[in-house]
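In the two assemblies presented below, chain A is common to both, partnered first by chain B and then by chain C.
So, the complex of A and B:
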C-alpha cells in the first residue's frame, strides 16, 4: 500500500500531529497540581501521615460489632474489627468494611433541609439549624403530645434511651421501632419465644463453637443472621474440633444459602415446616429413647405426646426413614444444638416452630449447657440500658392505623425506612399522607425522607457518640462504646444532641429528666458507674482514667466469660402442637413459594447506597448490581425461561420484574429473590436499580409473635420475552466455559 | 527547513514539558513564603517539618506553629499579614504541593531520616530557594539509583517490588 503524499503535505501533517501531542501533554502535568492543607490547630495526639486508631461500634446492621477505625490526617481510611471486643473478636464483614463509604457518600445531606415543593417533590431548601429546630418546636408545641409519634429503627442504644425518656416526659406514646434486617433475623419471634419459654426477653445465643452437632432451621448464620461475624468465627472453631472432633452440621432451608453450602447435609425443607420437622425429630427421640439414658424427664417427653411422625413426614415431605436417621445423629452426640433462624420466624406458624425447635434443645439437655443455648446478657449497668427487640409488625400496623385515623400530627422517623422496608400492602405511604408534619433524621434522602417535610440529617456513625449493648450478646456482659473518629464532614447534627436541645427548649419536666447539655456528657455520666465494678477489665484508678479506657478499648466487658443460663419455665403448660403452615395466594394461581432473602452484600437494603457492596457478588450466584430471581432448573424448564431472561414475579399484592438465575440449589416449588435493590431514592448508586420484593409480600403476620410473615406469600412467574445480561462472575452451569477433563 | 526547525522546536518543548513538568511543579504559593529567608537565619528543616523523623510524611507546619513566631516577629510584612488573615479566620493555608509520590507508592521519610540522610539529598539546596522547587523527578528509576547500589546484604537494598508497591 502506498500513499501519495508530497513533502510539503507530509511536513504539515507531521507538524499538526506533533502539535496536538504537545497540547495533550499539558493537562497531564496540570493534573499533578495538588493542595496541601495543614491543620490550623493540630491535635496533640495525632501524628500527621501516621495512622491514628479509634475504637468504636459498627452500625451497618443490628449486630453491633466492635470496630477499630484507622485515620490519617483526620480522615477515616480503614475499618477493621476490634480484637478486644468479645462479640466479633477482631473480625468484620463486608458491610462493616464498607462503612467508610457511608461516611464519604457523595449524596449525603450537608445541612438541614425542608422539602419546599411539597412531599415527593424532591425540591429541598436549605435551612439554618436554628430555624429548623424552631420550626420543629413550634409544631410540637401546638399539639397534644399524644398526637406525636416517633418511629425508630437501627438506632444506637443511647438514642433509644434519650428519645424514649423524652417521649415519656412529654406524655407522648412510646417509641415504635421497625428494622427489616431484625425481622428477617426473626429477632422479634426469638425474643417473644424466650419470654414465653425462659421468662426473659433477652435473645438466646447459641454456643456453636463448643457444639458437636448443629441442626439449623433457616438460621443462615454465615450469611446475615443475627450476628454473622461472631457466629462465623464460632463456626470455624466448631469445624476445627474444639469439642473433640470436626463438628457435624445440617442446614434445613429451602434454598442453598452459603451457610447451607457449608453444611455437611442440606435438607431443602418445604417452606413453613421447620416446626413440624422439629416435632417429628423430638417425638422419634422420646419414643425410641435415643441418646443418653435419662436425658429427658417424663414431663419433657410428654411435650411430644400429640405428635404423629407419619403425618408430619408427609406434611414436610421428609421421609420417616430420613427423620429417624437425623434424630439418631442429633441424639447420639454429647453436645448437639438446634438453632431456629429467620425463615421459620417469617411464617404464620413461626412462634410455634420456635417453641418446637427449643423443645428439641430441652429434651437434648442443651439449655444453659456448654455448646448449647444461653441468653444474651443484659447491660452490665442500669444507666446504659440496651434497647429491647424491635417492635413487631402488628405494632407497626397499629401505628399505621393511628396515622390513618388522623391521630398522628407529627411523625418523627430515625434509622428506619418504612416506605421501603414494609410491604407495600401495609399501606404506609397512604398513611403518611394523612400525617400533617413528618420529620426524617436520615443523612441520605431515602424513600421515607422523600415523604417528609423536614429532614434534620444525623451524623454518620463514624462522626458521633453512642453505646450499644449487643443483642445477641457474646460470652460475657458487655457494652461497646461509639465515638467520633473524624470531625463531622458537613453541617449535620447528632439526633441525640438534637433531642437534648429540644428538651431544653421545651423546659419544665422534659428538661428536668434530660439534664445533659449534650450526649457526650450523658455518656460520660452514664458509663461512669462501671468504673467501680469489681469485674472491670481495666486497671484504672480515677473516673477520668475510666472514661479514657472506655474510649480506648471500645467499651466495657468483664474479664472472664460469664454466661446467662435460661430458666426453663414456660414449656410445660401444654404439649407442643403442630401447626401446618398457611400461605397467601391460591396454589393453583400462584404455584411457587417466594423466599425473599437478605444477602451478604446489601442485607435488607439499608446498605444499597454503598457501591462497594453493590459490586460485591453474591457468594452463591455471583450476581451483583441487580435484582435476580433464583429458579430451579426443572421449574425454569417448565416455565420456559433461561438465565438472563427477564420475568415478572406476580403475587396477589403486586408484581416485580427481575432477571432469571437458573439455580440448582433451590426447591422446584420455591423461587428466591434477594432483598436490597428496588430503591427509588437512597442515593444515586441505589436509586432505580432492580426491584424490591417487599412489593410482593402480604401484610400478614404470625398471630402469636406479631412478626411479619415475610415467607408466607405465593407467587407466579411469567416470562416477558426480554433479556438482560446480569453482571455475574461466572455461569453456574459452566456454559461457554472449558471444563478440565 | 523552516518546518524542520518547527518540528525540532516542538520536540524540545515536549521534552521540557514532560521531563520538567513534574520537576517544576512549584507554582506561586498562596503566601509569599521564602524558604531561603527562614533557613538563612538558622532555622533547621525539622523545626517546621517536624514529622520527618517519625512519620511517613515530613509534614507542613500548622498555622498555629507559624503564628508561634509571627505573632511577635516580622509582624508588618505583607506575607505575615496574609498568614494572620488565615489564622484569624481559622482557615488552613492551601499550599501547592511541590513533591509528590502517587498513592500506589509506599514511601516513608522516617527510615530515610533514621539512617542519617540529609534533607537536601532529595530536596536540593532549599536554602537557596525562595519558593521550594522539586529538583528531581522522584520516579522509580531515581529511587533505585540509590537502592540498587546498596550492598546486597543490606536491608536498605529494597529491590523487591512489594517493598514500595504494597
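So, the complex of A and C:
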C-alpha cells in the first residue's frame, strides 16, 4: 500500500483513530483510575507543542521581579523576565532563571508529614491533610494564644497579610520575620534610617541610570544587593546608554566583588570605616566649598561640624590626599550619587555609618533629584499592603529568649530557615528544643524542618497565588501578581489557603476577619479596587476584565513614572557622628576580619538546592560546588597555604573548614567566605557540602538599628595539610597565564 | 562612507543573513544570568563537582575573568565566551563524519546524531567552547519535566556547543514566513541576550546594515576574540572601560 500522506495528515488521522478507540473504551474502563484521553480538545490554555506564557512574580530572593513562565503541554519550561513589569523590565538573574528546578526538584515533599521518629530523626510519616490540620487545630486550641509564635521569612505579601491578621484575631503575638539575604542587603538599617531621615519606612531607591558619578559603600548592586536585576539594568544605561558619556563609578569595600570589578576604581576600605570616610568626604566638600556654589545650606554644612578629617583618615587608613581627590570627583559632577550598602550596615556602627553616607547625598543635593535618591512607592492600594522590612536581629533574639523561657508552645515557621540562616551562636537550635510543638511549611526538608514535628509543605511559588509590592520599588507605584503556571505537582497545600481553613475551623472573631474561602477570592477582592484607577496601564471595562488583565500583565502599575521625593527634615536633629568600628575577637588571637558574602549563584543559601546554581561558577573565583576562603596572596604566603589547600577558619564562636582560593582582590587583613553551602539537609544537591560561615559569626548587632552585625567577627586561619581540588573554570596550570580548563 | 565589511571577502555565506552577536564588555557585570538561561533553554546538563573539577563542565557560554595588576591596584575584567560561529571555523574541516558543518546563515551547526565523539572539533577550537558528553546526562525525576522539547537532549559520546538558540531563530523565521512578513530586527533573541540584565548582549543580522548589532559592531570599541587566527568570528566584543561617544 502506498498512500501519499503528509506528516500533518498522518497525525490527524492517528489522533482520530485514537479518539474513537478511547471513546469506545470509556464505559469499560470507567471503574479504573486511568482512562486514556486523547487531547483532541485540550484545555483552552494548552496548545499541544506550542508555548503558553503566564505572568507571575519571582520569589527566589526578596527583590520580587516580574516573570513570565513559558509552559508547554502543562509543564513549565522556561522562566523569563516580564518585559512589562517596571522593576526588571524583561530581565532576570541566574537565580530567577533557576526557579524551574525549585518546582521540579526531586527532593520536594509530596504530602504533609509528621516526624514520627522524633525531631532530627528524619523519619517521616505521611499524613492525610485532614488529620494534619486537625492535629494543628488541636495543638492551637489547647493553649493560650500568646504562647503561639509565627516566624516568617521570604513569604509572599498576601501571606504576610493573611497570617498577620490571623495572629492578631487570635490574640497571638505578631509575626516575626527573618531573612538572611535581607539582612545582608542592610534592609532593616535602610528602612529604619529612612524612617529617621525621611520620615517614611519605604526603602530608598537609587537612580543609577541617570547618575554621572556613583560612590557605592559596600552596595553590591550588581551581585545580590536589594534589587540586582533592576540595578544591573540601570548600570548598563549608566555605562553606555547616556547621552553625556560614560559614568564614573567608585566602589568602597574590603573585597573586590564583581560589582567592584565593574567599577572604575576600587577602594579596599578597612572594614567598618565606611561612615568615617563618608564623613571625611562631606567635611572636605563643606570646608573647601567644593562643587556648585551654594549647593548646600549652612544647616546642612553644620551636620559635618564635629568632623576631623585627619583623624578619620588615620582611622580608615585612607590618605587625606586621596580623600580630597575623591571629594573633588564627587562634588564636581552634576549628578553624583552615593549608595550605602549592606556591608557597612552589617557592622556595630552600621546605623551611624548609613546616616553619614546618606548625608553626602544631602549636601550634594541629590535627594529627590534625577540621578539621585528617591523613596520606593508604597502599594498603590491599601487592600494590597506591602510587607514592611524584616524584623531586626534583636527582635529575633527576643523570640529566641521567649522560646528559651518556655513562653512558646507552638512555633510556626514559613519561608525562613533560622537553623541555617542565624549565627549558631544565637542558639536557635537549643531554643527550638524547648518548644513543645514546631510546624514547618517548607516544601523541601531543610535544616529547620528537621527540627520540627509537623511539616505542612507549601506549594512551589510557580504553583500558587499571591502578590508583592516590590521594595525597593521601581520608578512608579506597582504591585505584581503571582499566579500558578502549572497544576500543583503533589499533594501540597498553599499556606495562605491553610490559614483561611484554620480560621474557618476556629470560628468566632478569627473567622470573621478572614471571610474568604480561599486566597484566590481574597486576591480578586483585594485587587479589585484598582479597577477604577485612571492611572491604569491597561484599559478594561469590567471588574472581570480587570481580574484577567491583572493576571495577564502580571500585576498593576501606573502608566507613567511617578517618583516619591523624600522629605529631608529628619537629618537636622543632630550632627552626624563618627563611631569607630569594633569587632568580636581579640586581634592578637584572631588577626583577620571575616567578610562573609552572598554570591550571585547561591546567594544566602536558600537556592543551594538547585543544581544549575550549584554548578554555576562564581564570577570572581570561577569556583562552584564548594565553600572556599579567599585570602590575599601576601597573607596566604605568611600563613603558608596555597590554592586548593584545606584550612580551618576559627572564630571565638566556632570553626569551619574551607578550600583556599588565593585571591588578589582582597585586603591582607580580611578573608572572605561565601554563604550558600554547609547545608545538612535541603535536598541531595545541597546536603553535606561545604561549610556555613554562620557557624563563625558572633550573635551581636548594631544597637541603633538592631541589625545583625554580620561583618564584625574576627577569625584566624590554620592549615590542615589536606587538599581538595576545587571545581573551577579557571585552570591553575597556566604558569601565570590565565587559562580555561 | 561605506562601513568596513564585517567578514572576509571569501566568506562562505550565501544567504542575506549572517547571524551575529555583539557583547558590550563595558556593560557586562559577570552576573552569570546568561549561563543559567542557556542551561534552561538548551537542556545543558550539570555534571557534578568531581567532573566539573576535572574540567568537564558543559556550559555553552561561560564568563572568563581576567586579573590586571596587583593588590591594591588591581582590576578584574569579564568576558562572556560562547561559540564564535566562525566564518572560517577550525572545528569544521576536522570532523571525519561531517557532523559539524556551516549553514547558509553562517552558523557552525552540529548534527548530534552524526557525531561519533572523536572530539577533534573540540581540540581544534581555539575558544574552548565545545563540550563533550562524557556520560549520559542525568535528570532525576521529575527534573526532566524542565527539558525544552524544542531542543534535543544529547547522549553520552556527543559533542555539543552554542547554536545561537537555533530553535528560537527557526521559530521566529517560520512565524514570519507564515504571516508573510519580513523579520524585524530584535525579534529573535537567544536566551542569553534575553536575560542579560545590563543589556550587554545584542543579537542580530550583521548583513543588515541597519540592525542594532551591525551598528554596534561598527563602534570604534569593537574587536574580535583571537582575531589574528583568521577565524572570522560572528561574535563581536566592545571593549570595556572607555566611552563610545
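Some notes on this structure:
The rule is short, and it goes like this: the second predicted complex is superposed on the first by the 687 of 741 C-alpha atoms of A that agree within 3 Å, B and C clash if a C-alpha of one lies under 4 Å from a C-alpha of the other, contacts with A are read in each partner's own complex, and residues count from 1 in each chain.
In this text, contacts are C-beta pairs under 8 Å (C-beta built on N, C-alpha and C of every residue); 3 or more make two chains touch, one makes a residue touch a chain.
None of the values given here were measured: they were computed from a predicted structure.
Within the superposed three-chain model, A:534 lies out of touch with both chain B and chain C [touch as defined at top]. Once the two complexes are overlaid on the shared chain, A:47 sits against chain B while remaining clear of chain C.
Of the two partner chains placed by superposition, only chain C is touched by A:620; chain B is not. Legend: residue contacts after superposition of the two complexes on their common chain; A:105 is shown touching chain C, with no touch to chain B.
Note on chain A: of its two partners chain C and chain B, the one contacting more of its residues is C.
Touched by chain B in one complex and by chain C in the other are residues 49 of chain A.
For chain C in complex with chain A, the touching residues are 24, 26-33, 35-37, 39-41, 46-50, 52-53, 55, 57, 59, 62-67, 70-72, 74-78, 81, 128, 140-149, 191, 194-200, 241-245. Partner chain A is touched in their complex by these residues of chain B: 3-4, 6-7, 10-11, 13-14, 17-18, 21-22, 25, 27, 51, 54-57, 59-65, 86-87, 90-97, 100, 109. Residue ranges of chain A in contact with chain B, taken from their complex: 11-12, 14-15, 18-19, 21-22, 25-26, 28-29, 32-42, 47-50. Across the complex, chain A meets chain C through its residues 49, 72-73, 75-81, 88, 90-98, 100-101, 103-106, 222-223, 228-229, 232-233, 235-237, 239-241, 243, 245-246, 256, 258-259, 261-262, 264, 266, 268, 489, 600-601, 611-617, 619-620, 622, 624-626, 632-634, 664-668, 689, 725-731, 738, 740-741.
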